[in-house]
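So that you can tell them apart, the chains are marked A, B, C and D in the order they are listed, and the count of residues begins at 1 in each.
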Amino acid sequence: MLEFKDTVAEAVAGIEDGSIVMIGGFGNAGQPFELIDALLQSGATGLTVVNNNAGQADEGLALLIKEGRVRKMICSFPRQSDSWHFDAKYRAGQIELELVPQGNLAERIRAAGAGIGGFFTPTGYGTMLAEGKETRFLDGKWQVFETPIHADVALIKALTADRKGNLVYRKTARNFGPIMAAAAKRTIAQVSEIVPTGGLDPENVITPGIYVNTIVKVG
Amino acid sequence: MLEFKDTVAEAVAGIEDGSIVMIGGFGNAGQPFELIDALLQSGATGLTVVNNNAGQADEGLALLIKEGRVRKMICSFPRQSDSWHFDAKYRAGQIELELVPQGNLAERIRAAGAGIGGFFTPTGYGTMLAEGKETRFLDGKWQVFETPIHADVALIKALTADRKGNLVYRKTARNFGPIMAAAAKRTIAQVSEIVPTGGLDPENVITPGIYVNTIVKVG
Amino acid sequence: MSEQTTSNLTTAGGAPHGAPQASDAPLGRDDLARLVARDIAPGSFVNLGIGQPTLVSNYLTDEQDITLHTENGMLGMGPVATGDEIDPDLINAGKIPVTELPGASYFHHADSFAIMRGGHLDVCVLGAFQVSAGGDLANWHTGAPDAIPAVGGAMDLATGAKDVYVMMTLLTKDGKPKLVPELTYPATGVGCVTRVYTDQAVFLIAADGVRVRETFGITFEELEGLMEVPLIAG
Amino acid sequence: MSEQTTSNLTTAGGAPHGAPQASDAPLGRDDLARLVARDIAPGSFVNLGIGQPTLVSNYLTDEQDITLHTENGMLGMGPVATGDEIDPDLINAGKIPVTELPGASYFHHADSFAIMRGGHLDVCVLGAFQVSAGGDLANWHTGAPDAIPAVGGAMDLATGAKDVYVMMTLLTKDGKPKLVPELTYPATGVGCVTRVYTDQAVFLIAADGVRVRETFGITFEELEGLMEVPLIAG
């Protein structure tokens, strides 16, 4: 059942220690800072986090990592000029890293939502990131077998929700939101605006409400 | 290069005998009747056609089949109350049929456009339609290996195009258009309206112009 | 969706008045549809396939707030369109013109089947030729050698939804049970059906066997006598 | 995108004036960017990766009608945003604020990478540590044991685009060629690079070997003397 919550604390309530948590965003665009802060406040720990990056500067995901709540990162690009909290944890051997090419990350998340048990892709063939993986020659190319990434929870940021849970996003902040919403058992979305049912054009809905469990208006 | 043509005859010019042709539409919704008529007039034959159905009544794809231009149908639901032309050809052994569960059809078309060499899906496991196919136990379920369906040409129907080839559709007529546009080497779209570049909201574009080669306004 | 019979439990407009209950006689198609409708949890996302199961939509209440999915690319499907409402671009999986409810959304076929195949639908309701005691479903092919095969979205619905309810008569026209130990018709899906709604009983496909939830115009013992499948009461 | 050097071929505003030509001296970064820009066919869909290759966008002409893709979810990306144009929701793959051109479109990450992985981009331009004679690319990892690995979309771009152009200096700071018989750095992709644009020459990775299309401030023979990779003239 779709729920509307008044606060981000209520929205993230019940996320258990050890959960696999997808967090939307590419860099800061689309990153649900307020939900991440609430997750930090909730005390949940031992998390596996799926995000394109591994936190930037001293906010959002970076703080979750700093505070030792993240056991493992699944991401494509953890090394940035301001990813010092991840860097420190990684060098100290206090965080596990599964490095995934960005397109494989997206496609594996999409596969989880779409009920695909695995797929072959040329990306990564012949590289360190495909070591030990099954390969097959298909469509004239060597391809690597990749498996879906499922999650317990997705924290995403959208622009507007209606009362049915339909979502639209804004510009490149859309990024991982729609596929993470479909891949997680429970999707929590922070939005800037909530409109009545019928307030979004059905042609323009990006994430149908079927993928959304909890909505909270922020800011 | 994107081209705008004045007539459907010009739009379909150059489709070669023996081509694999995807045709959009679910029933009549989204079926590009005018492009199909032009393909019929062009004389192209020996075609493999990918469509959800196998033609209805005495128009569109049904006529292409009636005239013997279709060597093989790849579809999910050829048997309808008014699919008499397909029925006759099939019973006469004059047309080959590859029957594909509708979701596998959609996912295989999507895979072709997305560069996926093959995937595992639970759909069809333990049925006649999976006989002889590789199976694997993944995510707690038996799954069947399916391969992409590529095409030489896609004929699709959209509502509006802009001058960059971006497309939007209308209601359930969207159906196979977006995934076929991505799966074919050459995509020919008939539209009801062409607007200047900038006339479509970038947030609401369904098929980006990168997937479209030829546009013709119809009606 | 065209045939609509009336029965003692069905009111003219199709609007439900009170919950259905176990009756002394076998249920008609509409009573059965009403029973299924009552069993769907509030807030569910549901696909009603084509044919008989679409009758269920007549008995869903506003309070249930059910969202209907149609595999040709829509959530929030409304009732069948009539008169000026008919729009050739807005049809259901049976290619019948339908309407759009507030809060609807449209998507392409791969996205639509991802909803089904990814396990996001709470319930789908399907017709069947046969269901096996293990929940295998046969509803797409009679197995006749001269039949033109057509599958549509049946296999995706059968394997994808969280719960697959079947609506059918218990017996064939020849009086043979359609709930059988093993399928004799070609399978649509394996181990996928969770409930079977028939005119004479509702069956739950459970881990320990086939349970009879309720009967209509027949006793549990009579039902046992009629069927090869071992049954568990209650 | 931050470092922009000027050279004899570069005009202040970055607008191109006439085609670049083979010069007597090695090309600067901007001259090289201009050369790559000139070689992109009109109407192409192009991804410029991050860093040095993004300079190419300064030299694309309106007449070329090139559409730029950024893998974080956009076609029709415009120039870097300045002042009031800066919008935190509108960034490129290097996380730099950019602008939107008329005719742009937005899509989610799986759809965006489907554009790359499905072979729909005509050209992508990437930097590199090394390219092998067979077109293998190394541009994501130095192989240093203490390095934190980060790959982003490099492998998807390398394997997906119809043509992969590399822009790099021919030599390392130690004077060793970066176009090598076999990679010594970890691979990003195998047999994917089709052209290598360097400050001293443009190389085509062809079926029969590595062809030198043009040289800058060096003769073909001097180039041969510098490199281990066998070269074919013209």
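The rule is simple: contacts are C-beta pairs under 8 Å (C-beta built on N, C-alpha and C of every residue); 3 or more make two chains touch, one makes a residue touch a chain.
Everything numeric in this text was worked out from a predicted model, so none of it was measured.
Note on connectivity: the fewest chain-to-chain touch steps from chain C to chain D number 2.
When every chain is reduced to the mean of its CA atoms, the largest separation from chain D belongs to C.
Annotation: 35 Å between the Cα-based centres of chain A and chain C.
Taking each chain's centre as the mean of its C-alpha atoms, chain A lies 33 Å from chain B. The centroid of the Cα atoms in chain A and the matching centroid in chain D are 29 Å apart. Multi-chain contact residues, meaning those touching two or more other chains, occur in chain A at positions 107, 114-116, 121-122, 141, 169-171, 202-203. Across the assembly, chain D contributes 74, 100, 106-107, 110, 113-114, 116-117, 160 as residues in contact with two or more other chains. Viewed as a network of touching protein chains, the structure does not reduce to a path, ring, star or complete graph. You'll find the chains touch as A-B, A-C, A-D, B-C, B-D. Note for the complex: chain B touches chain D at residues 1-2, 112-116, 162-164, 166, 182, 197-198, 200, 202-203, 205, 208-211.
Of all residues in chain D, those touching chain A in their complex are 70-74, 87-91, 95, 100, 106-110, 112-114, 116-117, 136, 141, 146-156, 159-160, 186-190. Across the complex, chain D meets chain B through its residues 42-43, 45, 67, 69, 74-76, 100, 102-107, 110, 113-121, 160. The part of chain B that touches chain C in the complex is made up of residues 26-30, 52, 76-80, 86-87, 90-91, 97, 99-107, 109-110, 121-129, 141-142, 169-179, 206.
Across the complex, chain B meets chain A through its residues 107, 111, 114-122, 136, 138-139, 141, 143, 147-148, 150, 168-171, 201-204.
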